[in-house]
Amino acid sequence: MTDKLLFENVKPRSRVEIAKRVAQDVTAGWCINLGIGIPTMIADYVPASAEVIFHSENGILGMGTAPSEADQDPWLINAGKQYASLVTGAAIIHHADSFAIARGGHLDLCVLGAYQVSQNGDLANWAIDGGESAPAVGGAMDLAVGAKRVWLLMTHLSKAGVAKLTENCSYPLTAAGCVKRIYTDYAVIDVTENGFEAIELVDGMTIEQLQRIVDAPIRMA
Amino acid sequence: MTDKLLFENVKPRSRVEIAKRVAQDVTAGWCINLGIGIPTMIADYVPASAEVIFHSENGILGMGTAPSEADQDPWLINAGKQYASLVTGAAIIHHADSFAIARGGHLDLCVLGAYQVSQNGDLANWAIDGGESAPAVGGAMDLAVGAKRVWLLMTHLSKAGVAKLTENCSYPLTAAGCVKRIYTDYAVIDVTENGFEAIELVDGMTIEQLQRIVDAPIRMA
Amino acid sequence: MIDKFVAIADAFEGVADGSTILIGGFGASGEPTQLIDALVEQGAKDLTMVANGAGAGGDFGISRLIEHKRVRKVICSFPGRKALVFAEQHKAGEVELEIVPQGTIAERIRAGGAGIPAFYTATSAGTLLGEGKPTEVFDGVTYVLERAIKADLALIEAWNGDRWGNLTYRSTGRNFNPIMAMAAELTVVQVQHKVELGDLDPETIITPGVFVNRMVHIPHGNPPKF
Amino acid sequence: MIDKFVAIADAFEGVADGSTILIGGFGASGEPTQLIDALVEQGAKDLTMVANGAGAGGDFGISRLIEHKRVRKVICSFPGRKALVFAEQHKAGEVELEIVPQGTIAERIRAGGAGIPAFYTATSAGTLLGEGKPTEVFDGVTYVLERAIKADLALIEAWNGDRWGNLTYRSTGRNFNPIMAMAAELTVVQVQHKVELGDLDPETIITPGVFVNRMVHIPHGNPPKF
């Protein structure tokens, strides 16, 4: 996101604001995995009273907020290898059971970042060209194929200004046809059988403006 | 086994005596599954000091001797649905983990009964003709294919007087080529690449006599 | 607030005729007997029942479900000598039977819960029970392809449970219960002890609540003697 | 009497060059750091190492094993940004890399321990990482066939252990350790606390001793800060 406005009078959502927006759509009681990085911030905006159960693929069900430095336990980390905490009611499991949860369809939601997403829901978020000397996939593929809903939290444009919502992904896929909804700096977009459909635009934004930063047909739902 | 001697001056081993004989060949520290029925008796003749770990496929590692009536716990039963006990050091596991142990090659030994065994080690011990209205296989197939060693505890002849050690099993197989050793009322027999080889005969028994009750070539090892 | 505890009368609301159901327990140990009674009461029929056995006899548990003619097909490893009602109905052609080796049935259920649609096992290769199934040779050994079992409903017995559905079991009452809890669309649990959230040590929970949909507190005591 | 505790100098006796080894841990949590040091000392080389990552940096643990050029091939899900020594050797063509999705690597290891030679998963279907693998369609969905991982050696970190090898873990130090313990010919464990046989509740043992071959009592304290 640049400091200069891309569209006059349209203030894009910051990452924090996108995270807050995602949090609004989370249903109480869901079991959710938040991808490493920005998606993790969503947890800060889901009220504890909602009793959402956060899953961390390294073996936590019921992950709490980041601990203060004094409470950091080197034995308790999350999938991003940051210090974690447990909520009351949490359970510890091993890696095969943890991915049985992911792959077996027991996650109500997984929120991931993305390099690209295509109009049929293909996701590319693990490698730029497949030619990296050492690409790193982690748990992204298992989460993407297994969760009941895959939502993305992302900006519309790459740092180089290229549209990330496209007709077809040019980057290596994480999983085909898995993405259901996309939360961006300018809109909330559903991936439907008919392609991209915006269900919400930020203040002042028009669908015509949105189309200019999406590399595939997009319309209002 | 009939009251009349099959061979003059040759006293066949009783089931208890066969069980005792098997127990002599058990190595201290082994993890062992004893099939439902007669094989269970082997545990009574393995000294506690050997620290053999008995596995029961319904989720026990470290099964102890049958409890006295006063100590029977309806929550603690073995694979034969008899009351069981735990030794110090025992662990409780669920069914998938229990059969991961069996199928995954973690049992040093499994001792089973048999209807028939062939000279190449095929085992038939779960169904007479496959036409039963409701045959019951239980865990026999998983144990037979998975254990490092499968030994049989059996009589040479069926109640009808038919030889159970044969060239080819006519009954439905439990598993092919799995049997390594057979403990019977008259002998201890290895199943080798060259067929049946007796490694021990009961007192007074000759290999010629043994051959008369085995429906395949047998020789001394 | 998540609270999965319901009245037993509501435990099976919405369960349809023709459902595939998993029933935990091995012998009478860990069998969700009171839940089975409630399912008989609810009335669903034409069920495909997956369990280790086909009833321990008497007028309770699986035997009762079968006696009331709710089961169209039994998938099990060991019908059991005391499963007289089942044997009768099976002989009369009223109930189908699929015999599956005990380790294979356990693994098929676990696979169903873990998102594995099929796996290979050496169990039953070259036997009647492997006939007609695809086979593959890996490293010189022949294996049979087995499909996962996924169910509409699971009936589970547990020892302790909190309102999120976190569970522990008692001794060999554990058996099939934890894997069956994973493999159904609707998992209903009867717990002996309703405990407060946080009472169960996170390190010793056997079934995390994510696998559980409804719970009924039934302090029913010990399984019947057999 | 079963007593699997050995001196650390004897922990890897007999481990051959060219072995496939599993190393537990996720990040530095549950990594058997002192065992890795001992394996470096023992000298086995040309190893195929299966772990979640390729080292957390510094001169300890997996990074140290790689720094000492003992590893010929890494099978992992996430080499990690701090795995600089690995990255250097990989770039120089000295170490092969096989990237496997984290859930698939976990399931392949569990399959290795459970006697399942291969299984299907939707993970990686239609992606670079699924290329060249057999596929099958079940109920309209395409799945990839994945082979089990079985190893010669597993290096495990645990919290409590008794002389039979019964183990519990601490918090997220559990991670890959229990499944790796199942999948090797020789499983060697470093435990923080040596406890008496019977001290561990049979219901809360995570790894039963049947999976463990050798144990070393190393009260090494907390993982390094990262």
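Note that the chains take the letters A, B, C and D in the order they are written out, and that residue 1 is the start of every chain.
Here is the rule we go by: a residue touches a chain if its C-beta (ideal position, glycine included) is under 8 Å from a C-beta of that chain, and two chains touch if they have at least 3 such contacts.
No experiment lies behind these values; they were computed from the predicted model shown.
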Steps in the shortest chain-to-chain touch route ending at chain C and beginning at chain A:
1
What chains, if any, are shared contacts of chain A and chain B?
C, D
Comparison of B-D and A-D by number of C-beta pairs in contact, larger one:
A-D
Would you kindly tell me how far, in whole Å, the mean C-alpha position of chain D lies from that of chain B?
35
Compute the distance, rounded to whole Å, between the mean C-alpha positions of chain C and chain D.
33
In whole angstrom, what separates the CA-based centres of chain B and chain C?
29
Contacts with two or more other chains, residues of chain D listed in rising order
107, 110, 114-116, 121-122, 170-171, 174, 203
Which residues does chain A have that touch at least 2 chains other than itself?
92-93, 96, 99, 102-103, 145-146
Between the chains shown, work out who touches whom and classify the graph as line, ring, star, complete or other.
other
Contact pairs between chains, per stated definition:
A-C, A-D, B-C, B-D, C-D
Footprint of chain B on chain D - complex, ascending
1-2, 110, 112-116, 162, 164, 166, 182, 197-198, 200, 202-203, 205, 208-211
Chain D residues touching chain A - in the complex, by the definition given at the top
26-30, 54, 77-80, 83, 86-87, 90-91, 97, 99-104, 106-107, 109-110, 121-129, 170-179, 206, 222-226
In the complex, chain D touches chain C at residues 107, 111, 114-122, 136, 138-139, 141, 143, 147, 168-171, 174, 201, 203-204
Along chain B, where are the residues that touch chain D in the complex?
28-29, 31, 49, 51, 53, 55, 61-62, 86, 88-93, 96, 99-106, 145-146
Quick one: which bits of chain A touch chain D in the complex? Just the residue numbers, please.
56-60, 73-78, 81, 84, 92-96, 98-99, 102-103, 127, 130, 133-143, 145-146, 172-176
